[in-house]
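Encoded as C-alpha cells, the structure appears first; notes follow it.
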Amino acid sequence: MILLSMVLIPLAGAVLLGALGHRSAGLWCNIAVSAATLCAAGVMTARMLHDGPFTAWHHELFVDPLNVFLVDLTALVALSTAVFSRTYMRAEVRLGHLNPARLGVYHAMYQIFVFSMLLALISNNIGVLWIAMETATLSTALLVGLYRTPAGLEAAWKYFILCGVGIALALLGTIMVYFAAHSVLGAHRALLWTRLYGVRDRLNPAIMTIAFVFLIAGYGTKVGLVPFHAWLPDAHAEGPTPISAVLSGLLLNVALYAIVRFKALASAGTVTHWPGRLMIGFGLASVLFGAFSLGGQRDLKRLFSYSSIEHMGLATFAFGLGGPLATFAALLHMTAHSLTKSSVFFASGEVAQSEGTKDMDRITGIMNRNPALGWTFMGSALAILGTPPFGIFASEFLILVAALRRAPWSVPLLILALGVAFAAIFRRAQAMVFGSAAGPRIPTSPSLPVPLAHLLLVLVLGLAMPPLLAAWYTEAARLIAP
Amino acid sequence: MIAHLFMRQGVQILFVLAMAPLLAGWVRQCRAWLANRAGAGLLQPYRELLRLLRKQPVVPHEASALFVATPYIVFTTMVVASALVPMITIHLPLAGAADAVVLAGVFSLARIFAALAAMDLGTGFGSMGARRAMLVGFLAEPALLMVLFTPALISGSTSLVVIVRQLARHGVILYPSMAFAAVAYVMVTLAENARLPVDNPDTHLELTMIHEALNLEYSGRYLALIEWGAAIKLFVYIGIGAALFFPWGIAQGTSSAGLAIAYALFSAKLATAGAGLAVIETVFAKLRLFRVPEFLGTAFLLAVLGLLMRYLFGH
Amino acid sequence: MMPLAAPINLLAALFLLVVFAMLWQRRLANLITIYAWQGTILTLSIALAAYATHSAHLYASACLNGLLKIVLVPALLRRLARRLDVQWDRESLVQVSTVMLIGLGLVIFAFNAALPIAAAGHGINRAIIGIALASILLSLLMMILRATALSQVIGFLAMENSLIFAATSVTYGMPMVIEFGIALDVIVGVFILGVFFFHIREQFDSLDIDRIERREESR
Amino acid sequence: MHVPIGLPWGLILGALILWSLLAFASLFIPKAPRIAPLIFPLGALGALCVAAAGLLALQGPPVTMVSPLGLPGLPFHGRMDALSGVFLVLFGLTTVAISLDLTGYRAREHYPVVARIGVQYHILLASLTLVFVAADAYSFLIAWEAMALSSYLLVVTDHHTRGARRAGFLYLLIEHIGALAILAAFTILIAQAGTGTRLVYTFAALHASHPDATVAGIAFLLAFLGFGAKAGLVPLHVWLPQAHPVAPSPISALLSSVLLKVGIYGLLRVTFMLLPTPAPWWGLTVLTVGLLTALLGALSSAVQSDMKRLLAYSSVENVGLITAAIGLALLFSAYGLKALAALALIAALYHCLNHAFFKGLLFLGTGSVLHATGERNLGRLGGLIHRMPRTAFMMLIGTLAVAGVPPLNGFASEWLILQSFLKATALPRPYLAMGIPLGAALLALVAGLAGYVMVKFYGIVFLGRPREARLAQAVESGPFERAGLGLLTLLCLAAGLWPAGAIALIRPAASLLTRADAPITISEAGARVDVAHAAYAPAILWVALGVVALATVLVLRARFSQAPRRAAVWNCGHPVIGARMQDTAEGFGQPIRRIFAAFLAVRSHHPAPDDRVPRYGSVVEDRFWEDLYRPAARGFEAIWAWTAALRPRRIAISLFCVLATLIVLLALAP
C-alpha cells in the first residue's frame, strides 16, 4: 500500500498542479506534494527496515536494498529541487525569462517526472520499468523545451530523437530478455525482477549477451554514456536549472539503476564477463571523453553537464568492475554525485540568474557581489571535483582501490581524467568566483540553503557515513555482484 | 696542562699576528726582486699598518653601524681562523672546535660582511666590488671543498688535526691524488686571496679591481684592520696548505724542542710559499673577469681528478 | 514449430522488403504510403499470432495497431506534409544505390548477429528475430540518412513497427504488448507534435553552436 | 575504541578546538571588530600547545587514537611518534611567530579581509596538525586536501589581481596533481594489501603488508611525485615562485616554513615508514632530483628582482638540499648502512627546522618592508637599515643564516649534510662512492650561491641609498611584527649555537625511521658536535670570536682612539650622483645569467648600432616554463579545442554513432 501511495502521490499531485495552472499556490503546492512523497518514502523505508524487502500489489512493486536508497534519494532531491525552484522559477518569471502561463505545465510535468522515476525504481516489472523511463523522457523533454527559445526547442528535439531511439533499443533488449526468460518461467512471470533473479543462472547466455548490448545502448543513452551522450549537454544547458539538477541527479541515476539490474541478470548466466567488460569500456570512454571535453566549454551549465557524463561513466565503470567493493563504491558514487551535482546546478543557476548570462567568459567576481553565493558555488565545484572530505572523494578513493585490484591498467587513465577534469573546471570556477566584478548586476536573492544542505549531506557522506546507508550498500552489492 | 694548551694557542695567535705583515712584505719584496726593483723592504707593511692606525679615520655620512663594525668582524674572524689551523702543533684547544669545512665557512662569514659593508654606502664601485667578490667566492667554494675531500677521504675525517696526524704518519711521500689537489689548492688560494691572475692587490684600477673595491671607503684604523686581516688570511691559507700537503714537521708531541723545530720549519714553508706566490704573480697576467670561472673550473677539475685518482690507487 | 509459422515467416519477409522500400523511396507522399503498408503487414501478423494463441489481448493489439498505423498516423503525416509543404526529401549525401548496398550489408550482419539467438530459441519463429533486428537497423539507417524531420519521424515509426513486430511474432505475444504499443505511440504522437513546433524552421538537424551562442548574447 | 587520554592528545585536541572556534569567530569580525585583536594571539596559543605536544611526542613512545569519525569500517586513526613530533615542534614554533606577526598585519587590513584570513588561516593550521598526526591513508588525504585548499584560498587573498589568481590556480593545480599521485600511491598499497571489502589502510597495517619490489617501486615513484609537488621539487616547483609573492607575507612565511616541509614529512613518512626497505635507485632518484632542485633554485634566486620571489627560489634551493640528504639516507639504508642513514636524516631534519626558522624570519621581514614601503621590487628599495634598524638587524641574522655561514643555524645543518655526503665512500658501489662526493661539490656551489644571493638581497633592500624618494617615509615595523621576528631570530640563534639541542630533539625521529643511532657524538656540555672526528663547536667559536673582538676593540681603544671624522663618500674621487649609480638586482644577476646561461631561459634585448633610443633589457624565466609547462598547456588547449569541435552538430551524426556502436558491439559479442 505504501509503495502504491508513493507513486500515486506525485501522480495525483501532477493532476492537481496541472489544474492549478500558473497560480502562485502552485509553487507551494509543488513543495507540499514533494514533501508528501518524501514522507511516503520515509514510511516505506521504515517498513523495509522493520520487515526486510517486500513486494506489493501482486508482486508488481517491490523494494529491496538496492532501490530503497535510490527511492529515498529521489524523493529527497525531488523535494529540495521543489524548494529551490520556488524562488528560482519565481525569479525567472519576474525577469521575463519564462511565460508565467507555463508554470502549470512545469509543475505538472515535474511531478510526472518524479512519478515516473519512482515507478521505475520500485516497479518489479521490467516492462513497467521501461514504460516509466519513457514517461520520464516525455515529461523531461517538455521541461527541457520549457523556455520555448529556439535553442531550448532544438535541445528538446535532440533529446527526443536520441532518447526515443535509445528507448526503442531498450525495448528490443527487454523483449529479448523476456524471450530468454519465458521458456524458463512461463509467460506471466517472465518480466518480474524477483522471479528473474531466481533463475538468472538458467537464462540462455547467448540471448542475454545480445540483449545486454541493446539494453546498455538503450538505457545507456539515458545515462549519457559516450557515444550516446549527444543529447545530454544540450538538454542540461537549455532547460530550466531545476530540471538540469534533476536530470543529472535523478534521471541518470535511474537509468544506470536499470542497467545495473540487467547486468546482474546477464552476468550471472554467461561464462564470459561480457556485461562487466561492456560497462567498463563505456564507463572509461565516458570518463575520459567527459574529462577532456570540459576544457573547451564556455557555457556554465554545459560545463557541468560534461562533468555528469564523466561521473556517470565512473559509476558505470565501477559497476562493471563488479565485486562487493567496487559495487559499494559505485553506489556511494551515485548517491554522492546525485546530491553534489544537483547542488552544483542550483549554484550555477543562481550564478547565471544573477549575472544574466551563462557565458563563463563574462562572469567574474561573484565573490564581490555575493560572497555567500561565491562560496557556495566554489564549494559545490570543489565537491564535484572529488576534493576531500566530500563524499565523491570517498567513492573515488574506493573505486580506485577496486580498479587497482581488478583492472590496474585503467588506473592511470582514471587518474589522468580526474586531473584533467580538475584543471578544466577549477580554472573556470576560480575565474568566475574571484576577480573584480564586471557588468551590471541583476538583483536576485539566491536561495542558498538548498545547495548548502546538499553539500552538508555530501560532507557527512565523506566524513561520517551513516552505518545504515553502508549496510544498504553492502546488501545491494551482495545482490548485484554476488 | 690546560694552561699550557691555552698558552700554546696564544703563542700561535701572536705568531700569526706578528708574522702576517712580514709574509706580505716578503711576497712584495720577492716580486720586486723578480721585476728587478729594489723594493721597499720586508718591514714596509708594519710601517704602513702603524701609519694607518695612527691616522684619524674618515667615515662617510651615509655609513651605518654595519660599515663601522665590519673591519672588526673581518679582523676577528681571520684571527680566529688562524687559531683553528694546526700550523705548528696539533695540540690546540681551538683546532678541535672546527674542521676544514667550518674554516671555509668562517672565511665566507668575513667575505659576506666585507661585501655588505661595501654595499652600505651606495656607491657604484662598492656594490660592483661586492658582487665580484661574492662571485669569486662562490665559484671557489666547490673547488676548495673538493680539494679538502681528497685528504679528508684518505684520513677519514675533515678535521685538520686528524688529517695532519694521519698524513704525517706515512712519511714524506706525495700521493698522486694529493699532487693534483695541491695544484688545485694553489689556484683556489690565488682566487680567495685576491692575487694575480684573478685580482691584482696592488692596483686601484677601477674597473678591474675586486678586493680593493671593497675597501675603497675605509681609512685609518679601519683600513689597518682590513689590511692586517687580509695578510692573516693569506698566512692562514698557506698554513692550511702546509697542513694538508706538507704536514711533516708539525709538532705531534708537546715537547718544547719539537715546538721550536716546528716553528722553524713552518717559517721555512712560509718563505717558500711566499716566494712561489711572487713567481706566479710575476709570470701570469691578470685574467678578464669572465675567465675567472674557467680558472676556478680548472681548479675544480684538478681536484676531482685527484679524488678519482685516490679511488684508482686506493690512497 | 509454432502454429501458422509459414504465413508469419512470409509476412516477415514482406516486412523487410517494405523497410527496404522505405529506404529507397525519397518522395514523401510515397513514403507515407509505404509506411501504411508496413502497418498493414504488422497488423496482419499480430492478428495471425492472436489467432494462433487465441489470446484476447493480441486481438486488441491488432485492432489498435490497425487503427493507428494504417489509418490515423498516415493521415496525420499526410496533413503535416501538406501543411509544411514538403514533397521531397532533400538530396542526401549518399547515393541510393550505395544506401541499398549498405542496407544489404546491415541485413547480412543482422542475420548473423541473430544466429546465436535463433540457435538458442526453441519452438519459436527463429528467423523473425533476425528480420526484426535487420528492420530496426535499417530504420536507424534511414533516420541517419534522411535530412528532414518528417522523414526522420517516419524512420522512427518504422523502427517502432519493427519492435512491435518482434514483440508479437517472436514470442507470440508478450504480456504487456499493448502497454508497450501505447507507450510507443504516445512518443510518436509527441514526435509529430514536435514537428509542428518546429515548422518555423525547415530543418532541425543542424545545431549551429555559433548561432546559439549569438542568440544567448542577444538575450 | 580508544578514549583519547594523555597529555599530547589533549594538547592537540585543545589546539584543534581552539582553532576551529577562532575560525568560526573570525566570521564575525566585520560585525564585531572588537574581537579582531584577540583572534591571532589566541591562535598563537594554540600553536604553542601543538609545539608542546610535539615535544611530548618526542620524549615518549608513539601514542595512537581512533576517532569515531570516518566511513563505516574506515575510522580515522591518529598517531603521534617522533617524526610527527619533530614536525609538530617545527610547525608550532614557527606558527607562534607567524600568528604574532598576523596580529600586527591585521591592524592594517580591512575587516572583511581580516575575517577571511582569520577563517582560512586557522582552518589551515588545524588541517596541518591533522596531516602530522594522521595515521591512515584516508584521513591523511582528507587533511592533506583541506590543507591544500585553505592554503590556496590564503594565496588568493588578494584575488583582484590577475597575478594572484594565476598563481593560485597554478598552486592548486600542481597541488592537486600531487594529491592524485599520493592517492594513487596509497591505493596501490591498499589494493595489494587486503582482499575483498576489508580495506587495510592504516599506515601501520600497510607497512606490515610487505608489497613486492615492483609495487613498492611504483608506489614510491608516485609518492615522490606527489610529495615533491608539495615540497616544490624540480620540475614541479613552478608554483612556488608564483604563489609566494602574491600571498600576504605572513602566509608566505607559513607556506615556505611549514607547508613545504609537509611535503618532506610525507616523503619521509611514506618512504621510510610505509614502504619496505628502499631499493638503491630510489635513493639515487631522490638525490639527483634534490641536487638539481637545489642548484636550480639557487641560480634562479640569484637572477630575481622581486624580493619575495627571490626568497621563494631560495626556498626551492633549501628544499633541494633537504631532499638530497633524504636521498642519501635512502641510499644508505638501501645498502644497510643504517647508522649513516640516520646521520643523513638528522642532517635533513635539522635543515628542515633551520629553514623553517630563517625563511620564516625573512618572509616576515619582507612583510614589514612591504608594509613600510609598499614595494616588492628590489629595484625600488634600498637604505632601509637607517629607517628600520631593528628589523634590519634581525633580518641580518636571518640573512647570514640563509647564507650558511657559521656560527648560525644554516651552517650547522649544511655542515652535517656535507659530512653525511662524505660518508658516501662507505657505499659498496664504486660509481656511487665516486659520484656522490661530486654531489657534495654541487652542495658547496649551492651554499656559495646562497651567500651571493643573500648579499644581493640584504645589500639591495637594507643597505645603500634609497632608490626611491618615498622610501624616506618608511617606518619601523610594529611591536607585534617585531615580536614575531624576534622569536624567529632567537630560534635561529639557538638552533645555530646549540646544535646539540636540536640534534637531541631530532635524534629519536631519525632512529625511528632507520632503527639505528647516528654516529654523532656530543661533548663538552653540548657545545661540540662530532661526526667521525670532525668537530663543530659553534659556541666555542662564538666565545673565541667574542674574546678576540673584545681584545681588538680594547687594544685599539687604548692606543689609537681618535674619533672618526664624518665626511662625504670618496668613491675614487667620482662624485656620487644619485642612488641609480648603485648596482641593481639585475646587475647582481648578470654574472649568473652569463655563467649559467644553460640553466636559465634568458631573453636579452640589445640595441642595434643605429638605434635612436638604445634600450637594454633582459628577461629571465624558469626554463621549465619554456620547455615543459607552456607546451603542455598548449597541448591541453589543443585537445580541448578539438573536443569542443567534436561536438556533434547534426542529430544524424549522433544517430550514426549509435548505429556504429551497436554494430561493433554485436560483432564483438561472444
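We just call them A, B, C and D in the order they show up, numbering each chain from 1.
Methods note: a residue touches a chain if its C-beta (ideal position, glycine included) is under 8 Å from a C-beta of that chain, and two chains touch if they have at least 3 such contacts.
Note that the structure is a prediction, hence the values are computed from the model and not measured.
Contacts with chain A and chain C are shared by D. Touching chain B and chain D at once is no chain at all.
Note on interfaces A-D and C-D: more C-beta pairs are in contact across A-D. Distances between chain centres, each the mean of the C-alpha atoms, put B farthest from chain C.
Centre-to-centre, using mean CA coordinates, chain A is 78 Å away from chain B.
Taking each chain's centre as the average of its CA atoms, chain A and chain D sit 44 Å apart. The geometric centre of chain B is 100 Å away from that of chain C, both derived from CA atoms. In whole angstrom, the spacing between the mean C-alpha positions of chain C and chain D is 69.
For chain C, the set of residues that touch two or more other chains comprises 113, 140, 143, 152, 204, 207. Residue positions 157-158, 161, 165, 169, 209-210 of chain A each touch two or more of the other chains. The set of chain D residues that touch two or more partner chains comprises 647-648, 651, 655, 658, 662, 666, 669.
Every pair of chains in contact is given here: A-C, A-D, B-D, C-D.
By the touch criterion stated above, chain D contacts chain C in their complex at residues 647-652, 655-656, 658-659, 662-663, 666-667, 669. For chain D in complex with chain B, the residues that touch the partner chain are 382-383, 385-386, 389, 396, 400, 403-406, 411, 415, 418-419, 422, 425, 430, 433-434, 437-438, 440-442, 444-445, 447-449, 451-452, 454-456, 458-460, 463-465, 528, 532-537, 540-541, 544-545, 548-549, 552-553, 556, 559-560, 562-572, 574, 576, 579, 581-583, 587-588, 591, 594-595. Chain D makes touch with chain A in their complex at residues 68-73, 138, 141-142, 144-146, 149, 156, 159-160, 162, 165, 168-169, 172-173, 176-177, 180-181, 183-184, 187-188, 190-192, 196-197, 199, 636-637, 639-648, 651, 653-655, 657-658, 660-662, 665-666, 669-670. Residues 53-62, 64-66, 68, 72-73, 75-77, 79-80, 83, 94, 96-99, 101-102, 105-106, 108-109, 111-112, 115-116, 119-128, 130-132, 134-135, 137-146, 149, 152-153, 156-159, 162, 204, 206, 216-217, 220-221, 225, 290, 293, 300, 304, 307-308, 311 of chain B touch chain D in their complex. Within the complex formed with chain D, the residues of chain C that make contact are 106, 109, 113, 137, 140-141, 143-145, 147, 152, 204-209.
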